[in-house]
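This structure is in structure tokens; I'll ask about it shortly.
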Amino acid sequence: MSAKSPLLVQANDFFFSGLHIAGNTSNPVGSKVTSVTVAQLPGLNTLGIALARVDYGPWGINPSHTHPRASEILTVLEGSLFVGFVTSNPENRLITKILQKGDVFTFPVGLVHFQQNVGDGNAVAIAALSSQNPGVITISNAVFGSNAPIASDILTKSFQLDKNIVDQLQAKF
Amino acid sequence: MSAKSPLLVQANDFFFSGLHIAGNTSNPVGSKVTSVTVAQLPGLNTLGIALARVDYGPWGINPSHTHPRASEILTVLEGSLFVGFVTSNPENRLITKILQKGDVFTFPVGLVHFQQNVGDGNAVAIAALSSQNPGVITISNAVFGSNAPIASDILTKSFQLDKNIVDQLQAKF
Amino acid sequence: MSAKSPLLVQANDFFFSGLHIAGNTSNPVGSKVTSVTVAQLPGLNTLGIALARVDYGPWGINPSHTHPRASEILTVLEGSLFVGFVTSNPENRLITKILQKGDVFTFPVGLVHFQQNVGDGNAVAIAALSSQNPGVITISNAVFGSNAPIASDILTKSFQLDKNIVDQLQAKF
Amino acid sequence: MSAKSPLLVQANDFFFSGLHIAGNTSNPVGSKVTSVTVAQLPGLNTLGIALARVDYGPWGINPSHTHPRASEILTVLEGSLFVGFVTSNPENRLITKILQKGDVFTFPVGLVHFQQNVGDGNAVAIAALSSQNPGVITISNAVFGSNAPIASDILTKSFQLDKNIVDQLQAKF
Amino acid sequence: MSAKSPLLVQANDFFFSGLHIAGNTSNPVGSKVTSVTVAQLPGLNTLGIALARVDYGPWGINPSHTHPRASEILTVLEGSLFVGFVTSNPENRLITKILQKGDVFTFPVGLVHFQQNVGDGNAVAIAALSSQNPGVITISNAVFGSNAPIASDILTKSFQLDKNIVDQLQAKF
Amino acid sequence: MSAKSPLLVQANDFFFSGLHIAGNTSNPVGSKVTSVTVAQLPGLNTLGIALARVDYGPWGINPSHTHPRASEILTVLEGSLFVGFVTSNPENRLITKILQKGDVFTFPVGLVHFQQNVGDGNAVAIAALSSQNPGVITISNAVFGSNAPIASDILTKSFQLDKNIVDQLQAKF
């Protein structure tokens, strides 16, 4: 239960509204995540669980990301998704599946994963996470969009990219 | 990840199909739970999370129950639900809320909770649980429907019921 | 250790007195639990353990209950107890045993369990719990005695009881 | 619950008998511990709890020891005990209390602790531990009685003892 | 302790040799990690800890990576390192420090982090991890070097890269 | 991450300096531990890991001790160490190994362990611990050097020592 005394908790401490509202996918990646974690729903404190809705415009993607403190289980409410995750070094196996409405897939804690809308219209998924504070690390943000930027020589060497491409990427994110 | 070696896991180890199919609510309580735990999706092993779909016919209820090893977070996909949980002794406070489509509510680990369809038609919810093996204890089954039955003098004293009512209850469950 | 600095803790932070005193069993269920949790013994904070004494008058019962955050191990100091727990859905197996002085039994986390004095005189047990804040949910209190009451149509459907019986039960608890 | 399937568990998996029997305290330290851990009671597997009975002859002691994987809570059933534990470096504070029948004391995980019978006759305590496999490290056994012995120059330096005293100690344990 | 019985464990179950040997840094990133996890040292099973040595050639980097199941603490044995990690969305703050011999830095679980040799010669660090099986996800491997490759349209959209640059990257890793 | 908001953390919260400085081993045991736990490095809060440097003068020992809340993994940077730990009751097996530069050894949580310099000159090791607050219990301090002292009759019985030897020991520590 939340850190409030059981004598003082109210129903609204355990309540959140709005997960039926489609997220605005008019953005470069064509997807939007609406999260319900302890920051939005204080009663989740210590409960070890959170929820999210993910909207995908046509061909939208939820770009490669990790949750540093949670595993994820996702089910498709509408549309078709191509989903995948990559196992750790040294295998770096890509495990993928095309999901239809009602299909369920799970992404183990900390692994890089993504979803892509591969159907004709929009797609919607509900994802659950095994922490009230799972965190999200979008790889492109963490690598090319950090604030301040990572030194370009580190990125050129890490990603074997020309410096001018790194500069362009850092300008975008 | 599952107990399989990362070299051997396949996408189907992390996959389940069928959560779009409405459960059959033609039963005395008017609801049906479709679970996706480690028993249905082996890749959930050690991941600490599971999912379920709950269907509710008109006025159907998901009767008072607990999850012995998990907290729950639930969102309404269709319809209206009256939901609640009861805090531990000595307060036994009933915390309730009427949920509409898109609303989210959370039930702390081990507490008695229920949902009731209070809308005009069917209702559907997705629930997530903080264990790959959460367990479900339906109170009426555990108390009046166990196999073998709990001795009726224990139940009459526990519930301050006449013995013939206890006998009737045990015959039903 | 407690949240106090190790420089400041005193022996009394780790001490509680009175577990030799028989609880008053002159009540409808004929039993009384005396708990030693972090609420009574602050030094238990973070230690993951608690203790309780249970007194049973003749034919007294410790009615069906769960601990939402703890497993239990119990030993009989005096008398004879009939004890049991019920496994989760779908089996709902009742696992029981008659315990004599010196016998030990364990109740897994979150499962519904009970004890009944089946000897000639009083009975006494010591129970240990795997949390400093285990919680107790007495099923009859949580179901029929919550504050406010659970709507009677939910209970009639959950327990397949006539509404007037539910009304009587809610009046008692 | 135990690693057995819930379909196969039997009441005896959760049962142990004999904790009413006084341990034989005719030994150099004048005390005897009777343990109920997962080794004696298989149903404790994964439950995170264990129990023990400790008997103390007149002036008997339960010598300085630690539990590497458990905190402890103890209650006195008979007699009077002088109990204590020592906090970690650098304070090494000795926290002590004289316990009478019905008193309760707790020993935080991993700390060196002891009990001594300071009453007129025998004493008996029940102790609970926050692991199904708590382990016991009797300091004198681990330091002077290991098999093979710790090199005497290590002990003479550790304990600032003359080598011939170390030799005598190692011969005793 | 390891899954072996305490009666059967041998010193070699808890032993590993070779962490004094400099890793070969003649590779594109100019660094080499030598790991001591449960795969190399079976006695680490259940102990929740592991160790690694990291060698860095001149200007070598340990490229952006995460540990999906562990926090890290690192100390510099030789040379100078520029180290950093990036916090989660939405801040994506880059937290950096230049470390000299004897300096210590910590990287919270799951966050993207890196080290770069910024001294005149080689550099060496010892890192400890809070899991016996921490895992390593090198971002470039997971994103551009997975086996099979992630579809290029996902990467172009995720990283806002031209398709021919993605193709070049996937050819490199 | 530390209890500070991710918006407010600074690099210095994750930083410690000085682990390259040899500890002063001019003391009765001939060794010195320099610890980096949450007390020295606040960013370790919740991260479950800590580090230490141990210096050993010629024939110096790190005397028999336990960590009540952590397992340990150690690697030798310089010199030769004789290391060991003792398993729990009843076996009390002594598990030992002579370590050279680059060798690694692990000490399971809570077990009594020690290291001794058995080389020609000084020795240095780096140890990692599986808790940000592992604690250290030096057996001789806890047993003979507590503040206030443990009653000598308890020690004489525990260790089968003459009272005058106990008195001498308590005077030393």
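Labels A, B, C, D, E and F are assigned to the chains in the order they are written; within every chain, residues are numbered from 1.
By definition in this document, a residue touches a chain if its C-beta (ideal position, glycine included) is under 8 Å from a C-beta of that chain, and two chains touch if they have at least 3 such contacts.
These are the chains along with the protein names UniProt gives them: A, B, C, D, E, F = Germin-like protein.
Since we're looking at a predicted model, the values are computed, not measured.
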**Asked** Among all the other chains, which ones are in touch with both chain B (Germin-like protein) and chain C (Germin-like protein)?
**Response** none
**Shared interface partners, meaning chains that touch chain D (Germin-like protein) and chain E (Germin-like protein)** = F
**Asked** With chain centres set to the mean of the C-alpha atoms, which chain is at the far end from chain B (Germin-like protein)?
**Response** F
**Request:** Give the label of the chain whose average Cα location is farthest from that of chain A (Germin-like protein).
**Result:** D
**Message:** Could you classify the chain D (Germin-like protein)-chain F (Germin-like protein) contact as same or different, where same means more than half of all interface residue numbers appear on both copies?
**Reply:** same
**Asked** So, what's the distance in Å between the C-alpha centres of chain B (Germin-like protein) and chain A (Germin-like protein)?
**Response** 27
**Item:** Cα-centroid distance, chain A (Germin-like protein) relative to chain D (Germin-like protein), in whole angstrom
**Value:** 49
**Request:** For chain B (Germin-like protein), jot down the residues that touch at least 2 other chains.
**Result:** 88, 91, 93, 108-109, 111
**Message:** Which category does the touching pattern between chains fall into here: line, ring, star, complete, or other?
**Reply:** ring
**Message:** What order do the chains sit in around the ring if I start at chain E (Germin-like protein) and move toward chain F (Germin-like protein)?
**Reply:** E, F, D, C, B, A
**Complete:** Listed in rising order, the residues of chain A (Germin-like protein) that touch chain E (Germin-like protein) in the complex are 28-30, 59, 61, 63-64, 66-69, 82, 84, 86, 88-89, 91-94, 108-112, 114, 116, 135-151, 153-155, 157-161, 165, 169, 172-173
**Complete:** Counting only contacts in the complex, chain E (Germin-like protein) reaches chain F (Germin-like protein) at residues 1, 6-7, 9-12, 14-21, 36, 41, 43-44, 47-51, 53, 70-73, 75-77, 87-88, 91, 93, 95-97, 99-109, 126, 128-130
